[in-house]
C-alpha cells in the first residue's frame, strides 16, 4: 500500500509582478505562510496556479522555487498538464530531477479524448517522464472539458501507468468518487477537490484535499476535519456553511480564484493579477468586498 | 415553523397493465409493502412515476388510489408538474380536494424559463391551485433541463407562493443545497434527492429524502440514517457503498428506473413496463442481472 | 411520391385575451392577413403557438378555428406534441376528425429518448391517431432537448410510421438536413425551420419552410425564394441580411417570439401576451423597438 | 480595404514518422500535391495539424518548412494558438520572422474567457507578436469550447488588434457568420470552415474556405465554387452531397481527421498517425473503408 496524503494541500496562486512576469521571490514567504497555517503541501501550476497560461520555462522556475521550500511535512506536487503529452512529459522529467514529491496532470483540453483508453494513454505518456514519482490524474471536467468515467479510468490506469497513485477529484459526481475511493480495496489516493463540499468528501472517506481557498482560510477547513473526526458533525456543518458563505461572496466579486488572488495581497502575500484571458479584480469594488467578508467574520479565521 | 418531512419517501413506479393502461389495483398492496419497509410516504407521478407520460385523467385516478392508503404515518405528495401551468393548476386543485398531504411540481421542460422570476411565476400559478397544501418545487435539472439557481429561487419563492414549503432537491450541486437548507434560519424543508449520495445530504443537514431505490431497498437507507445519527460514519459509508454498487448494476442493465420497475415484479409487486419513449427492460438479461445483484447481496436487504 | 409543401408556412402565435384565455375570435382575421401575405398555410400550436402551455381542450378549440379557415391554397398542420404519447395520440385523432391537412409532433421533453428507436416508437404511437394524415416529425433540439440523428430517424421512421411524410427541421445541422433531403431519392418532405437561414435551406434543396417571423414579414422571404429561383443570389443575400438584422433587434428586446407577438398587435392582429413561464414584452421599450425597426425599414416590407 | 483570401486553403495534417517525431521531409511533396490540386495555401498547425499536441520547437520547424514552399499563389497561414498568450505571442513572432503570410489563433481552451472583452484581450496579446502580418481569429467552439458571440467579437477586435484581418469561422451559426461578413461594409475576411456546408457559406457570401478534406478532395470543392459562381446551384448541390456522403463514411471509420490522415498515405503522402490522445486508425477496417469510398467514387475525384 502506497503512501496517502492526509490533510490539506493548497493550490497556490502563482505570484506575478506588475509587468506580468513571474515573481519568484514571493514564493518563500508564501510557503512560510502556508506552513504556519498547517498545510501539508502544495499542488502547484494547476488551475489556480495559472499553469497553462505560463511557458514551460516559467513553470520550471516556479517548480524549483517551491521545491526549495519542501520538507518532510510540506510536499510539493507539480502539475505538468498541457495540451501536449510531449511537453507534459518534459515537465514531468524536470519535476523528478528537481526533487518534487509527486506530479499531477490534467487531461488535454485540445482534441479531448472521447474514450477512457485514450485518456489513459495520454496520461501514461506523461507519467513516463517521472517514473520515480507518484502520478495523480487531475480530474476537473469544468476546466478540462473531459467528462469521462473516473471509475473506469481507475480500473484501467494501473495497468498502463506503473507509478499511478490516484486522482485529484474536482467534480460533483460523488457516486464516482465513492467508487474510486473503494476501488481495489481502497488502494488509491483520491484527493477531494471542491472546498465548499469538503464535508461530503470526508463523509465518503476522503483523507486529503486540494483547494484554492486553503490559501487564505485553511484553519477553517482544518477545524472541519477535526470536528468530523471527533464525530461533531453539527460543528463541522456550521464551519462548512461559513466557507460556503464566503465563497458565495467571492463568486459575486469575480470568482473564487480571481478574488482569492486579490485577497492574498490583503493577507500580506502580494501575488499580483491573473494573466489573460482572466480578468483582473475590479479594485473599485474592494471596499465593498471587505465589508461583505467582515460580515462573515472572514478575517477572524486564525490565518497566519 | 412548518412541519418538515423526516425519513424516507418513495417515488413509486406507476403500475401498468400488459395493455399499457394504469393498473390501479396494484396500488394498495404496493402501499402496504412500502409501509412495511418503513417508508414515511410517497411522492407520486414524478419522474419515476412516469407522471408526464400519463393523461390528466390517469394521474387523478392514480392520486386517488394512493390517497386512499394515506395515514398519519404515511403521507402522499402528488406531483402535478406538466408543461402547462394551467394543467398543473388543475391537477393541484384535484390533489387538494382528494386530500393529499402536499403537492410537488417540476419546472416546465417546454419553453424553459431563463430567469428565476419566470420559474417562480410559473410555480406560483400552479401552487395557487392547492392553497391549503404545502407546495414543494421539484428541482431536477437533468430531467427538466432547468438549471436556475435554487439559492435564488428560495429567496424569491416565499413572496409569491404563500404555501411554499421547500424543495425536492435532485441535483449534485451541494453548495446550493447547503444554502437552501440554511436559508431563513433553516425554515424550509429541503428533501434530498439522489439516493446514491444520501450520506452527503445527511452530512449537510437534510432530514428527509425522496428516491426511487427506496421502493426496493429502503431498509438499507434507513440503516444509513440511523448509523449516521449514532455517529457511526464508517458503517453508514459501507451501506452507502452497497447502494452505489447496486445502482451501478442497475445502470448497466438499462438504468435505475427501468430496471427498478422490473425488480418490483421480482419482489411481488408487478408494475409492468414503462411507457414510450422509455425502453422496456430486456428480459434476456434478467438472469444475469439477478446473478449480479446476488453478488452484492441485494436480496438479503430485509425488504418485506 | 407524396405531395410536398412548397413556399412559406407560418407558425402562428396563439391569440390570448387579457385574462389569459384563448382568443378564438382573432383567428379568422389572422388567417386572412396570412393569406394576403402569400402564406401557403399554418403550423399551429407549436413552439411559437405555445402549444404545450395550453390544455388539450384549448388546443382542440384552436385547431378547429384554424381549420375553418383552411382552403386548397392554405393548409393547416396541427402540432400535437406533448410529453405523453397517449395525449398526443388523442390530439392527432382530433386533428384528423376536424379535417386538418397534416399533423406534426415534437419529441417528448420529459424522459427524453436516448436512442432513435425510442423516438420512432413514440412518434409511431402518436401518428397512429391520425392514419389518414401526413405525419411530420418536428425536430427542434433547442426546444425539445432531443439531439438524436435525423439521418438515422429518417431511415427508421417509414418502417414504423405508415403515414410518415417528413421532418420540420429546425436546427443548424445542415449536414443532416442534406442527408434527409436526399434520403430515398428525395422522397420525404423536409421543411426548413430557421428563418434567418432560409437561404441555406434553399441552397441545399428545401422547397418549403415553416417559421415564426413569416407571421409579420413573409413578403421579404417570398422575395428571397423568388430571387433564389431566378439565380439572383446577391439580391436574395441582401434580403436575408435584412431578416438577420431585424431578428437581431427582436433578440435584443426579448427574443423573436416574445417581441413578435407584440408586433402582431402593431400590425392589427392583437394576440395578447405569452403565458408563463415566458415573460411579457416590456412595454417601456416599445418606442425604442419601433425606432430600431424603422432604421431597418421593417414597416416598409409590404405586409398586408 | 485589405486583401482577402479567395478559394480553398487546406488545413494540412502534420506528417509524423513511425517513432512519433515530426517528418519534415514529407512537407515539400505534400505542398506540391496541394498546389497541383489548385489550393491557394495552407493553414498549418491548427486542429487537423495537431498544433497543440506539438512542442513549440516542433511547430516552428513545421512552419519553416511550409514557408519554404510558399509562393505568390500559395500562402502559408501559421496557427499559433496555445493555452498561453505568451507562448502564442512567441510563435507569432517566429511566424513573422520566418516570412509567413498571416497568423491565426484559436482562443484558449484553459480558463476559457467568459466575456468577449477577455477573448479580444488574449487575441491582442498574441497578435502583437506579428504586427506586420494579418491576424485571423480561429473560431471553432467545438474544439476550443469558447462559445462567445463572433458578431460582438468583430465589433471589438479592430480597436484592440491593429492587424486584425478576420475570422476563420468553423461553426454552424450562420446567422453570426452573415453578421460578420457584412460588418463594417464587408471589410473583414471571413473564411468558411465546415467543408460539408461550403455551399451555405458561398450562399451567404464567403469567398475563401479552410478545411481538412481539401487535403484529399479539393477538386470536388473547386467545382462547387465554380458551379455556384455560374449559377448552377443544382450541380453544386450534387457535389456538396457527394462530399457529405464521403464525410459520413469517414465519420463511421473514426472521424474525418483520423481517417483523413490515413487516406493521405493511400494518396501517396504518408503522414503517419495522430499523436495521443487521438486514437490511431484501425487498419483492420481499411479494406472496408476503401470499398465504401469506392461506392461513392471517391478515387475518381481528379486528385493529383
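Brief remarks on what is shown
As written, the chain order gives the labels A, B, C and D, with residue 1 at the start of each chain.
Here is the rule we go by: a residue touches a chain if its C-beta (ideal position, glycine included) is under 8 Å from a C-beta of that chain, and two chains touch if they have at least 3 such contacts.
What you see is a predicted model; the values in this text were computed from it and never measured.
One copy, chain C, sits rotated relative to the other, chain D; on C-alpha atoms the angle is 180 degrees to the nearest 5. Distance from the centre of chain A peaks at C, each centre being the average of the chain's Cα atoms. Centre to centre, using the average C-alpha position, chain A and chain B are separated by 36 Å.
Here the spacing of chain B and chain D, counted between their Cα centres, is 50 Å. Contact with two or more other chains is made by no residue of chain A.
Pairwise chain contacts in this structure: A-B, A-D, B-C, C-D. Those residues of chain C whose C-beta lies close enough to touch chain D in the complex are 151, 172-175, 178-179, 182, 194, 196-197, 199-200, 202-205, 231, 233, 236-237, 240-241, 244, 247-248. On the chain C side of its complex with chain B, the touching residues are 47, 50, 52-56, 58, 82-87, 90, 107-113, 115, 117-119, 121-122, 125, 143, 145, 275-279.
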